[in-house]
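Just passing along the structure, written as structure tokens.
Labels run A, B, C and D following the written order; every chain starts at residue 1.
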Amino acid sequence: MTVRLLLVAILLTGISGIPGLFFPRKSPLGERVSAVLLGTGCLLGLFSAFACLLPNAAASLEAVWPVPGGAFAIRVDALSTVFLAPIFLLSLLGSIYGLEYWSHADHPRSGPSLRLFWGGLTAALALVVTAQNTLLFLAAWEVTALCNFLALTVEHRHDAEARRAGLIYIIATHAATLALFGMFGVLHAATGGFSWTPLADSAAKNGSTTALFLLAVLGFGTKAGIMPLHVWLPPAHANAPSHVSALMSGVVIKMGIYGLLRVTSLVAHPPIWWGGVVLGLGILSGILGVALALGQHDLKRLLAYHSVENIGIICMGLGLALLGRAEERPELVALGLAGSLFHVWNHGVFKSLLFLGAGAVIQRVGTREMDRLGGLARKMPYTALLFFVGAAAICGLPPLNGFASEFLVYIGLFRAAVEKSGRLWLAGGLGAPALALVGALAVACFAKAYGVVFLGLERTAAPSRAREAGPMMLAPMIVLAGLCFALGGAPAVVAPLLDAAVHEYGGGAPSLLKMAPLNFLSVTALFLLVVVLVLGLYLYLRTRRALPGSIGTWDCGYAAGAARIQYTASSFADSLVRLFAWVLRPLVREPKLTGPFPKPSKFHSETPDVVLDLALVPAIDTTGRAFSWLRWIQLGSIHAYLLYILLTLLVLMLWK
Amino acid sequence: MLQTLIQVALLLALPPLLRGIINKTKAAFAGRVGPPLLQPYYDLIKLVRKDSVFSDITTWVFRAGPVVAAATPLVAGTLIPFGSAAPLISFSGDLVLFAYLFALSRFFTVLAALDTGSPFEGMGAAREATFSCLAEPALFLGLLALVRASGSLSLATMLGAGLGATWTTSGASLLMVIVSLFIVVLAECSRIPVDDPATHLELTMIHEVMVLDHSGPALGLIEYGAAAKLFVLGALVTRIAVPYEGANVWVNWGLLLVGIGALAVVIGVVESVMARLRLLQVPSLLVAANLLSGFGIVLLAR
Amino acid sequence: MLFALVLIPLAFAGVAFAVPSQRWRPWLLPLGGGAHLGLYLAALRQSNLSALDGWLVLDPLGRLVLGLISVLFLLSSLYAPAWLALRPGRSNRVFCANLLIILSMITLITVAHHLGLMWVAIEATTLAMAPLIYFNRSGRSLEATWKYLLIGSVGIALSLMGSFFLAYSAVGSRLESSLLFEDLIRDAPQLSRPWLHAAFVLLLVGYGTKMGLAPMHTWKPDAYGEAPGLIGTLLAGGLTSGAFLAILRFFQICSAAGEAAFARPMMVALGLISMAVAGVFMARQRDFKRLLAYSSVEHMGILVVGVGIGGTAIFGALLHLLNNGLTKGALFLSAANIHRAYGSKLAAEVTGALQKVPISAALFLTAFFISEFTIVRAAIFNGQYAVAGLFLLMLVVVFVGMGATVLPLVQGEATPSRPDALLTRETFFNVAPPLAFMSLVLLLGLYIPPFVSSLLKDAVATIELR
Amino acid sequence: MHSVVDPLLVVILLLNFFLLGTTRLRAAIAGSAAQGVILGLLAALVHVSVGPRPLLIAAGAAFIKGLVIPVLLIRAMRDAGIRREIDPLVGFIPSLLLGAIALAVSLIFAQTLPVVPSQAGSLLLPASFATVLTGFIVLTTRRKAITQVVGYLTLENGIFIMGLSILEAMPFLVEIGVLLDLFVGIFVMGIIINHINREFSSLDTSRLSALKE
């Protein structure tokens, strides 16, 4: 029954955009109808996702799907619920946000299509995490990719950047899907079926499990945006409409994590190197992701690279869980996986919050270039405050939610570090400091982002005209910010769900609360709050009567060009980017200054994507040139063509 | 209960004294009398009684910075054991919280600096953010070594009585960790050779320039927070160096206080005999701290 | 019944020759197509249809391909009247008659169980197609026709020789030589091996030319590029399927002789080469109709690889045969609309088609995407990891090249049309047929009706004789 | 039987070389016509015992290949006003050498295939292969469309020789179909040649290279 409710939810969200297509172009009724449909669906979905976990709930359903090997089999287990919850929640919040951000009045053409794709995306995502049949999974997976692509390029007519991002996205996601075809082929060959069937131990001997794992990392890793497979992620996140970016970053990329989880859960005794690979990729993604983020000038690109970073943290947890399974340390499985899954939630919450905040800024100011912004906290105080909460949360600062999940991963890594097994403690010994580095870099990066966008003086005229975002845009952000506090302040409430998910994954550990004292986090959070409040109150009371009159910042006696000589995004990050220059390879074009009075000239710096811009695009260009060279084959001469036939004939005759 | 009260009292009262000791040491090296030992307290009282000036450009972040900067070291201080008192709050994994509290404080102070829109403070903020990125892993590596040595994830046990035994088995490691953490303390607390607390010239602008625009009680909170940070981190280092825990609680307290005092003297000596490093060389120093702790762990793993 | 299937289109062709009205003649096409489909559906109800002493048999494989052809023809013929109406100045007599002749001959291919007769039918389709490719009466289309005709004829001549070799393989073993399919299957184990091998090579190369496997595919981009889109549909969906059916027939004989192991590596090799060549030429392709041609080469490669791998891949290949045929319908017809809306088929001159011909552009994009996606079925392998890996790699290469060409075509701001563009807006008759094709493809992707799946299963069962 | 068949096959082989060596289009057409007639003769000789049906086919083949098609081609040639194949892609002497190689390959290839005793030592198979290869050589080395058609005809002739061995496998109907297809094919080619001539004022197919990548 409950699972049927979920089906209804999926159906409602899936069709939510369709009525909007039939309303007259001028009527805003369509967007309301689709919002109501989607909202109902999402609420139903949220309810049923959790209801399915109750004892005695009918959580699975199977119907005939007449495609060879196919069956319409869906099942909701704790793992699914962990992913279903953010899907429905963020879809709901995003659609509310969209009512104002992408309102019908502003976007009469693309609005209906976007809402159609949005609904389809939500439904397909929900299907992905519940599908039991692998073909159903693949179908839902492809619909996700397609809807996502269409939503991303919905403004294709005017936005060449979005078109390019869409191209990269569709190619990357398609390549990933092909890897998944291969993976399911291997799974089919090993188990003889088309469902998530655990593999027999014998499969490890003929290399099936190895192939399975590598293909899964390739396919799901691309979707998740693990370095170096992340190439599609920054342009796509940067150029999509902001609430689409929020949904992409919040849930779509998590589908890769879900897939990795499902696949690795099929193997009873994963080899230890699996965990090593995932952990290593996690560390790589974490550090390089945040390092690349530091070099960005585009607010949304910066956020996008932070998705790579956070996926890295999630992968570190996952890698730890895999190591734990290989070495039979259930507590490591539990801590790693719980940290990973909890971070999936938390990242979904704070990253969506940040993207929505960025969207508000973009809508009100009209640019994503951080170096053109500044001082917005005075123009858009609520947006700024909410963005601030998100920024603090993504840096993993206590008492917000990012800290809670990173805390779990940390404990897991530290626990691994005290293990006798050399491989385990190596993992912990590398992982924990790496995570610390990531955290510190994230603090630097968001200090830069918030500081440059919202604080200081307006760098150009555009931000000084900005107004506060409207209630429809603020409301979802307020909910998300509240969740940042709630999940960070009382992380223990999610422990039962995480326990169930760990159990589903194959860990038989004691409950999470016994190993990770999440309640103490609440205590210290409270304590911290009290201390801050006391001191804050003191300062407030003491400075209530500040000196009257208009007073600027002390300029050290140099009063000219105050707004222009502020630190910019680039200059703030410059020294850190330099530290990483050996891998980031930033491009700097600086003028040569000659003589005592040099002429005005331009300075330009950017940090291209190491993989996409410095490796992949040149590689594709080279291949393209090689292909162009190969085109002499089709040289237009019929004589040559006939000769090809003769030669083929001769070769084949001689071959056998 | 008494022990706890003493701990809280010391935590609240002693931090400014460390600055006094450092300044006195430096004065002694320079052959001056120097300011009174209690001068930092006088300064604080003076600041608290002053009025404040806030730039129009600033927002609430500018005021939150000093508050958080003062609050976080105090909360962090409740997590580590002093003398023979158990920490106020202790749980498995509290070391992570300990480290992240400092990150929280940094986040706020850096933003408070950026809030002014002044290029000078921006420069300080950027440098602060940069160097702490390297100091933080070093802190974690140091803590990791202690975790590895003690097998526990809570600071109370890590810095507990068992540490004495570790000194006998792997003293070299602990020594490396101490040196490494000492460098971290110097960096986090903006001392020479990383920063110069006495000036805010362009060449040295890190911490001091970040707080350029703060005044009155707000500046007082910042000064106090900085001192508390030094005190808490110093207590951590002292505890590793002098893990002795005897039957007599007062001896333990005395040992701790003497230890922290000695640390302050050492800092003073370092500041007197060393020049501030060039900014470009600071990362090398911090990387060295990381490596030291790393070696310490490798030694422990044998 | 079988006679009717073959002869009724011929009769319609005769009528088409006779009807004087330029305007009404094209409507004979859907009429003939409808009649054919009706007959086909009636034939489906009867089992073991056979005529002419077993020369004509409607076996499961034939049913499958014939069904595809019939649907393909009907839907594309619906597109024809409106399209021909755009070019009133040109006589459509030969066009209509030849289309119907081609329908008749492809039908003959699918039901012929005498391999000589099958050859005659294939050659007949080749010849009947030539004037249709030359429909546009330009120098370029003339060149394309010449290449198509000569290369196709040579290829088919080789397959005639292959058929003779096959017949001789019986003589060599002192059996009664025969080209009747049933006889050959029965005698397969005794057939002389060297002759059989040589025969298969000749047939693979010969019908492979017709099918457009690289490196015998060279006529394809020219012919597809210059022929009207409607003709492209029939070439890419119909004639190639017929040629593939022929290859399957000979593969059946090979596998009945226990020589599948001889045939397979060759098919896999040619298939992979086709995919590679397609990948090379699809990247940075400037002409989107030629792009379609290379896509066809790629998909022919996929089909052959599927059969070459064997096992469940054969099912995949046959399903892909249906999907490919129908997708090509959607692709070529929507491409034709785009072509005529802009008056150009060069990627540089066609962008933002979504703005100008939204439905066709959406179809074009979706069909391209789907055409790659339907390979799912073919991609489930029997543990041949090397082949599978190459296969997937080629698909990635193809997709990169294709995506970079197709997306800018469809998205973005529309470029102005050339003055000679014929189509100003989309109408029911030029959008409905590709839409119908697309719906069928989607249907097959999401739901395979029971009768289709039983057709597929029966067909698979006949291919792998052990 | 070899005594009659083999000499005729030798003539066919010689005609192959003639085709490769001649520069005149008319001579080439005549050569292939002669081949067609000899093929008819061969068909009649090989299957003289079977009955009247093969004779009919033989006559049909000789008629179409020896008369109808050559007439078609000569008309096309006249329309185009061309007489010679000048400057082929591969010269005449090298073509002859290639022909010799083709003959050798054919002999070797025929050796590897088992044959029924009655045909042991017969030139039937080698001649067939050699003629097919000759057709290919003409197709790939000559520029004029008409010569290429002649090459295609030669190729078909070679296949026809092959077909002589398995007449029972090719029933009357099919055989007629094959011939009809051949005829229609050449007919269509003739029409296209005509169009090519009008469109490009030349029959040089190497100029037909506008369609390329």
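For the reader, a short list of remarks on this structure follows.
Following the convention adopted for this analysis, a contact is a pair of C-beta atoms (placed from the backbone, for glycine too) under 8 Å apart; a residue touches a chain by one contact, two chains touch by 3 or more.
The shown structure was predicted, so the numbers you read here are calculated from the model rather than taken from an experiment.
Counted as hops between touching chains, the shortest connection from chain B to chain C is 2. Compared on C-beta pairs in contact, A-D and C-D come out with C-D as the pair having more. Distance between chain B and chain D, defined via averaged C-alpha coordinates, is recorded as 98 Å.
Centroids of chain A and chain D (each the mean of its C-alpha atoms) stand 68 Å apart.
Per-chain CA centroids place chain C at a distance of 30 Å from chain D.
Annotation: 35 Å between the Cα-based centres of chain A and chain B.
Shown for chain A are the residues in touch with two or more other chains, namely 631, 633-634, 638, 640, 642, 653. The residues of chain C that reach two or more other chains are 146-147, 150, 154, 198, 221, 281, listed in rising order. Under the touch rule stated earlier, the contacting chain pairs are A-B, A-C, A-D, C-D. Residues of chain D that touch chain C in their complex: 112-116, 132, 136, 139, 145, 148, 152, 155-156, 158-159, 162-163, 165-166, 168-171, 173-175, 177-178, 180-181, 184-185, 188-189, 192, 195-196, 199-200, 205, 208-211, 213.
Chain B contributes residues 48, 51-59, 61, 63-64, 66-68, 70-72, 74-75, 78-79, 89, 91-97, 99-101, 103-104, 106-107, 110-111, 114-123, 125-127, 129-130, 132-137, 139-141, 144, 147-148, 151, 153, 212-213, 216-218, 221, 283, 290, 297, 301 to its touches with chain A in the complex.
Those residues of chain A that touch chain D in the shared complex are 631, 633-640, 642-643, 646, 653. Residue ranges on chain D touching chain A, taken from their complex, read 89, 109, 136, 139-141, 148, 205-206, 208-213. Here chain A touches chain C in the complex through residues 65-69, 135, 138-139, 142, 146, 153, 156-158, 160, 163, 166-167, 170-171, 174-175, 177-179, 181-182, 184-185, 188-189, 211, 620, 623-624, 627-628, 630-631, 633-634, 638, 640-642, 644-645, 647-649, 652-653, 655-656, going by the rule given at the top.
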